[in-house]
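Chains: A, B, C, D and E, in written order; residue numbering restarts at 1 for each.
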Amino acid sequence: GGHAKEVKLGILFGFTGPIESLAPSMGAGAELAMAEVTKSGMLLDTATVTPMRADTGCIDNGLSTANAEKMLADGVSGIIGGDCSGVTGAILQNVAIPNGMVMISPSATSPGLSTMEDNGLFFRTAPSDAREGQVMAEVLTDRGVKSIALTYTNNDYGKGLADAIKTSFEAVGGEVTISAAHEDGKGDYSAEVGALASAGGDILVVAGYLDQGGLGIIQSSLDSGAFDKFGLPGGMIGDSLPANVGADLNGSFGQIAGSGGQGAEAYFAMAEEAGFDGSSPYSPESYDAAALVMLAMQAANSKDPADYGAKIMDVANAPGEKIYPGELGKALELLKAGTDIDYVGASAVELIGPGESAGSYREIEVTDGANKTVQFR
Amino acid sequence: MIVVEDVHKHFGGFHAVDGATLEIAKGSITGLIGPNGAGKTTLFNVIAGVLPPTSGRVKMDGEDITGLPPHTLFHKGLLRTFQIAHEFSSMTCRENLMMVPGGQSGETLWNTWFGRKRIADEERALRAKADEVMEFLTIEHISDLKAGQISGGQKKLLELGRTMMVDAKIVFLDEVGAGVNRTLLYTIADAIKRLNEERGYTFVVIEHDMEFIGRLCDPVICMAEGKVLAQGTLDEIKANEQVIEAYLGTGLKNKDKLEAGA
Amino acid sequence: MSETVKHSLMFAFVGVLIILDGTTSFGIFAGSWNSALGILNMGLVSAIMALGVNLQWGFAGLFNVGIMGFTALGGLAVVLVSSSPTPGAWSQGGIGIIMALILGALTVVAAVFITKNMTKGKPRVLALTALLIAGFFAYRAVFDPAVSGVEAINPALYGSLGGLGLPVLLAWPAGGLLAAGAAWLIGKTALGLRSDYLAIATLGIAEIIIAIMKNEDWLSRGVKNVVGLPRPMRKEIVLQEDPGFLDTAASLGLDPVVASTLYVKITYSLLFTVVLLALLWMAQMGLKSPWGRMMRAIRDNEVAAEAMGKNVTRRHLQIFVLGSAICGVAGAMMTTLDGQLTPGTYNPLRFTFLIWVMVVVGGSGNNFGAVLGGIFIWFFWIKVEPMGAGLINFVTYGLAEDSALKLHLLDSTAHMRLFTMGLILLLVLRFSPRGLIPEK
Amino acid sequence: MSGNPYQNDRGNKDASITSTSGRSTIEPGLKHSGEVKPVIGDSPFLVGDTMTGGYGKGPDILHECTIAVNPGEIAVIVGPNGAGKSTAMKAVFGMLNVRSGKVLLDGEDITNLSPQDRVVKGMGFVPQTSNIFTSLTVEENLEMGAFIRTDDIRNTMEQIYHLFPILKDKRNQAAGELSGGQRQQVAVGRALMTQPKVLMLDEPTAGVSPIVMDELFDRIIEVARTGIPILMVEQNARQALEIADKGYVLVQGRNAYTGTGKELLADPEVRKSFLGG
Amino acid sequence: MDLLNALVALTNYVMIPAVAYGSQLALGALGVTMIYAVLRFSNFAHGDTMAFGTMVTILVTWWMQSMGINLGPLPTALLALPFGILGCMALLLFTDRVVYRFYREQKAKPVIFVMVSLGVMFMMNGLVRFIIGPGDQRFSDGERFIVSARDFKAMTGLREGLAFKTSQGITIITAVVVVAALFWFLNRTRTGKSMRAYSDNEDLALLSGINPERVVMYTWMIVAGLATIAGVLYGLDKSFKPFTYFQLLLPIFAAAIVGGLGNPIGAIAGGFVIAFSEVSITYAWKKILRYLMPENLEPDGLVQLLSTDYKFAVSFVILLIVLLFKPTGLFKGKSV
């Protein structure tokens, strides 16, 4: 009981700093979900959802905890964020856990966060990097790849993913000729590509971001003729990559978290209508993160984190009716009626164990300048 | 005491000191004269370790001190003043003097936190000593002024005062007299003499004022174009042809030309 | 109004800002003590960094643009001292790594020895080259397998040597020592050159330190971060379950969650204040003593100070090392406060140039100024964004809610922060070049 | 240290971010030129009249010091080190705050003009130190001397090469590589390139061997013969006074003695105090 | 032994990238060195100046593209470049007028200018993001390659490909032209000489009737040109992102100092030294050695001196080594 007419949700992303180019689409994704819910008028007896943005700087622990404190002071009922694993850990330990606040991150993928004692308050809609490594190794062996050169974006995501791929691939008898970091946002990758080319390998696996260093590496590899086929983990899957690289990318393949294109396609369309790029990394996950919080509130019939935190896993997972982007109103209605739902959303949400995305993956191959789903894993 | 052996100092292609060889006797007050740009100050700088010589060596009491940094030489008893006064401008005159003695326990950070009593005692003694020096130089009335605010002559005195704060063996004075008024200059001359007699300081004095040189110095060394031109008593120097030509001057041959042209 | 009163009022003003942040939620203020104390705590850490930089710049004119590096080394110390040791790391390669490092150091020492003791010429060049090449390969031969050994231990969770498992408070002085060691090496090279090249050296080496911390996983897990570092006090959730604490909270009429968070923050505030006051006292004592007089003399006129027996290079080195050590302590404190080490987060704008703004605004050459500047600028750093949003809303009052310009501007409020910091710096440099509390 | 906080660099000597070579030493706040007033009555061609002033907010260095020179004349300022000779020259040239007194040139009061504008008015100045562009070639040095001229400068340059033949040989050499005497010739040559109405030289013979000194004096006399008034400071006082039409002895910023060169040379007091007997 | 393939691989992976990168650094370092020589301080805002000039160019490029104006196979940005330079000049002259000039009049010490430039850096940083946003922007169009790796292989039948991008070609040609023009300007024109004179000796320049304010103005204008050209070339070759440009400051400073601060030739040499050492020290020589060495001696490892992670650390190590042995840089800089 005691429903206020307004629910405030915090959006805590790095609007400045190294991923400042991703954050706007992520923020817009989360806000899109909130607007949808508000418009439906179904949440907790027609409550409106007000987003509150604040900055983490992606790398600035001090700033992000200060801003998180400010959010709590302003009375938010949940935090969508943080974005980079580093600040996410800081906010979690110093603000969210002590204050019993639910936090759900769309993009912090560091395996380290899985083991953090979070009192059941921390969730993420992105899978831990450890899982993707195994999937990638399977994809590679199935396609008969014997040796790879590996490059990763130099943060906990890239490094963790690269480690996972390396371990899994070597476990099944593959060879990793080199595993070299690249810094995002550097612009010039000729040295990295030179080293990768020299090491050789059937293909180059790029554990990076499609509009960051990852793109630069691929472009540079193609330009210099170092590699012509690429392995693309989740951070590299998106329409903008084939669009930017062009026909040369045909034949490259990879995988991204997701159980089917339906949710994602629906989301991209919605995003386009709302005027932002939904295929930008972690934008779908951000929409899902916000949606999960609100759905859990409805399920618990309360906006108190202590109440709805426990419901997040319920609404995210089966059993129940599958919910796709744009169907939040319907989901709220179902929940109100006491029907179970299984939120799929834009990124095929499936939460496991410590409250993170299970990670079913779809295998993608670039054909005719577009990402085509080949199969599910 | 100091032996300079064939010292050269080149700036790029320019030979400021060009093979100077000289000797300074213990207990003497040696005058060093020569035209502007003869290399006097540069030679001082080489001896005092400010500039490394291009070649040649400098010995002090038989020990090779070539290229030793100034702070090391200071602790060996070699002090100098500057042609253009180098005062510590944002510090009071008294502080200018008090900072001089080396090995103050207050110069170790540790003591500033845990040895404050000892520092206080030392400071009291230093202060007394500084006041005494200023009185000697008749500048006690400016002891609390910032050194940046005092007159050029007073700065020169202050520089001289700094050399009196410790027991020096040899002091190099670069144009102490420049910008100092006559009466004061003679006071300085007296002070130098007294330090020389009472404390046994050896002095080397660069000065353009022949009277001052005459009062104090024996021997006098004349430099020109980076070399030692002549050496001897002032009278000998004054009579030396080369010195007259290079420094003291005889007059001009061009004079007639001007009149012819005019 | 006397200077002292004026300056006390400035401190009081900053205090009032923080109190307002704790009590009212009008305008830019959060109205939460958690927020206020959070700002205060980072403000205190910033003040300590500013104190260290002020020591270098204010008292010796040393232009250090590598503050970030020293701060990061302080953070590294926290991991090395206080995190728990990785099981098996030492046997898997830890020893090898140490041996390799010693081997490397020996090579360098031998190289220096050769340079000093052989006469110039071909043989020396040959000997040096041979030594360095041999040393490099020997080092790599020992180092590489040892590193792979350590990094192979469950990389998702460990993959590093771990720490010594000592109390985290010990890490603070250790952070200072680590930073001091690095500063000594840098200073020895950059200040020992014929002219001083400190700025570019610190700029570069700070980046190198970060690169090492990001890429040497065996050291502190690199970019994979170390989270969950121990704290000098109990955790909030532990407190929330401690009956004794709950009773006390209840007797004070406080909500247990609020009480526990405030307890932690206040404890940090007290610890930080103690460190700050101690360092401030030490700096002030040094400054007012013959040591400070000597430093001023060197600053006024290096040549004369050198002629008066002061070893200028050594003093510069000393003060550079001290200032950097203070930054190291502050860095360790910050990492403790964050509870994690995230090497990817060190960025020169935030950790070097912002500290410079603090020092200049506070008043170079005055320790109290540096402290004031540290807290004050930090407050602004946090509050500029809400101020900017307010400002833009005010300026664009006439525009429609969804006007493109207004939206674009509101989207950009986060960038106001850098802009405003620049503006503040320029205004202070122009109109009050001595800072808020000028040097006496 | 001056009280100006903008000039407080806290002893920073960092060569990787700052350069001190060739920085201006002219007083701040002298940029803007004021008006030029015609002078009523008779006055020498160039005169610094009862000038009092000093550097920055520092004490007065000059005390009611007067220096004048007329066409065809050589006027020489002598005096002990630090007497303010260079300062007086700078004051006449507008590189110093003159607190009272005025500077007149060719019937105009130019006290309020900036140094650049005085160059335009026809004053040429050769400073005591750093008086050439060391990194420029000899010819470029001369070209820079003629910077304000818009007419053909080749003639003037030929004249200078005629006056200082050695410079012609070294025209494409960097001026910094020349010997002291040659540098002084470049310096004088540079100043002459403006075709000045009056030439001011601060110790042109400092650091120059006697032979070169004679040579320089020779040239200076030749320049004077072309009708350009010359005002110079000389340490080689005796020699200078011999060629001088007018001599000023400055002591502590004041005119101590004034007279023709001959008179001063004959004055026993002057001989005793400043000419070494 | 396969000399030809080894040579092609070397050109492809080391020479061409290093020359292009070196040219971009050299142009950047030239700007830094010009300010250092004339205004006597290191400008920390230079990276952001480059970003600003590039941003204006990009905005104009977009406008031109939308109007259908293009240069055929060449990028449209080349047409927009003059506007970018003008925009950058306007900004720098404005900054000089409202910020730096005051300090010049005060005869402020160079280190004060350095701090002022920090403030300017912060503000430009914010300004650029305010206008164009923090994200990646691509604005290159036209033909991507002069020779692509695939075509080269097809043409020559070699195993190694050789790629030469249009942007690399443009970079190198533009750099040569700009540098030649700059040297012509500095050594042959009256204004150029007056700038050198001012840099050499401010007071004497004044005595020669050179107007310092004009010299400073020309310097800013030239710096604006250099910075914009460097920024646009870099952006065409790679991509534009404000943060990247801020980070370029480090290698640019290193280049300027290695070459000898204040010396234009040094800046160019420094740019190439830094670029070549970055690329070659972190290059894995395995591939080339495999072509050169007999079958059984092929190297196992990557034959890489330093991993690419430490790429930019190389510039500073080179810098320190140069400073230890030649404190004024490779070409005598201004500092003693």
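Following the convention adopted for this analysis, a residue touches a chain if its C-beta (ideal position, glycine included) is under 8 Å from a C-beta of that chain, and two chains touch if they have at least 3 such contacts.
Labels paired with UniProt names: B, D = ABC transporter ATP-binding protein; C, E = Branched-chain amino acid ABC transporter permease.
The shown structure was predicted, so the numbers you read here are calculated from the model rather than taken from an experiment.
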item	value
Graph separation of chain B and chain E (steps between touching chains)	2
Co-neighbours of chain E and chain A - touch as defined	C
Selected pair, greater C-beta contact count between B-D and B-C	B-C
Distance from the mean Cα position of chain D to that of chain A, given in whole angstrom	75
Whole-Å gap separating chain D and chain E, where each centre is the average of the chain's CA atoms	43
Between chain A and chain C, centroid-to-centroid distance (C-alpha), Å	32
Between chain D and chain C, distance of the C-alpha-averaged centres to the nearest whole Å	53
Multi-partner residues of chain B (at least 2 other chains)	89-90
For chain E, residues contacting two or more additional chains	42, 111-112, 114, 129, 133-134, 253, 257, 307, 309, 327, 335-336
Contacts with two or more other chains, residues of chain A listed in rising order	16, 18, 20, 24, 154, 181
Inter-chain touch pairs (all)	A-C, A-E, B-C, B-D, C-D, C-E, D-E
In the complex, chain C residues that touch chain A	25, 30-32, 34-35, 38-39, 42, 45, 155-157, 159, 214-215, 217, 222-225, 227-228, 235-237, 257, 260-261, 264, 334, 337-340, 342, 344-347, 350, 378, 381-382, 385-386, 411, 414-415, 417-418
Residue ranges of chain E touching chain C (in the complex, touch as defined)	42, 99, 102, 111-112, 114-116, 118-127, 129-130, 133-134, 246, 250, 253-254, 257, 307, 309-310, 312-313, 315-316, 319-320, 323-324, 327, 335-336
Chain E partner contacts - residues on chain C that touch it in the complex	61, 63, 189, 193-195, 197, 199-201, 203-205, 207-208, 211, 214-215, 349, 353, 356-357, 360, 411-412, 415-423, 425-426, 429-430, 433
Complex interface listing, chain A residues touching chain E	16, 18, 20-21, 24, 154, 178, 180-182, 185-188, 190-195, 197-200, 211-212, 216, 222-226, 244
Chain D - residues contacting chain E, complex	4, 6-10, 12, 14-29, 31, 93, 95, 115-116, 119-120, 125, 127, 130-136, 140, 143-145, 147-148, 190-191, 194
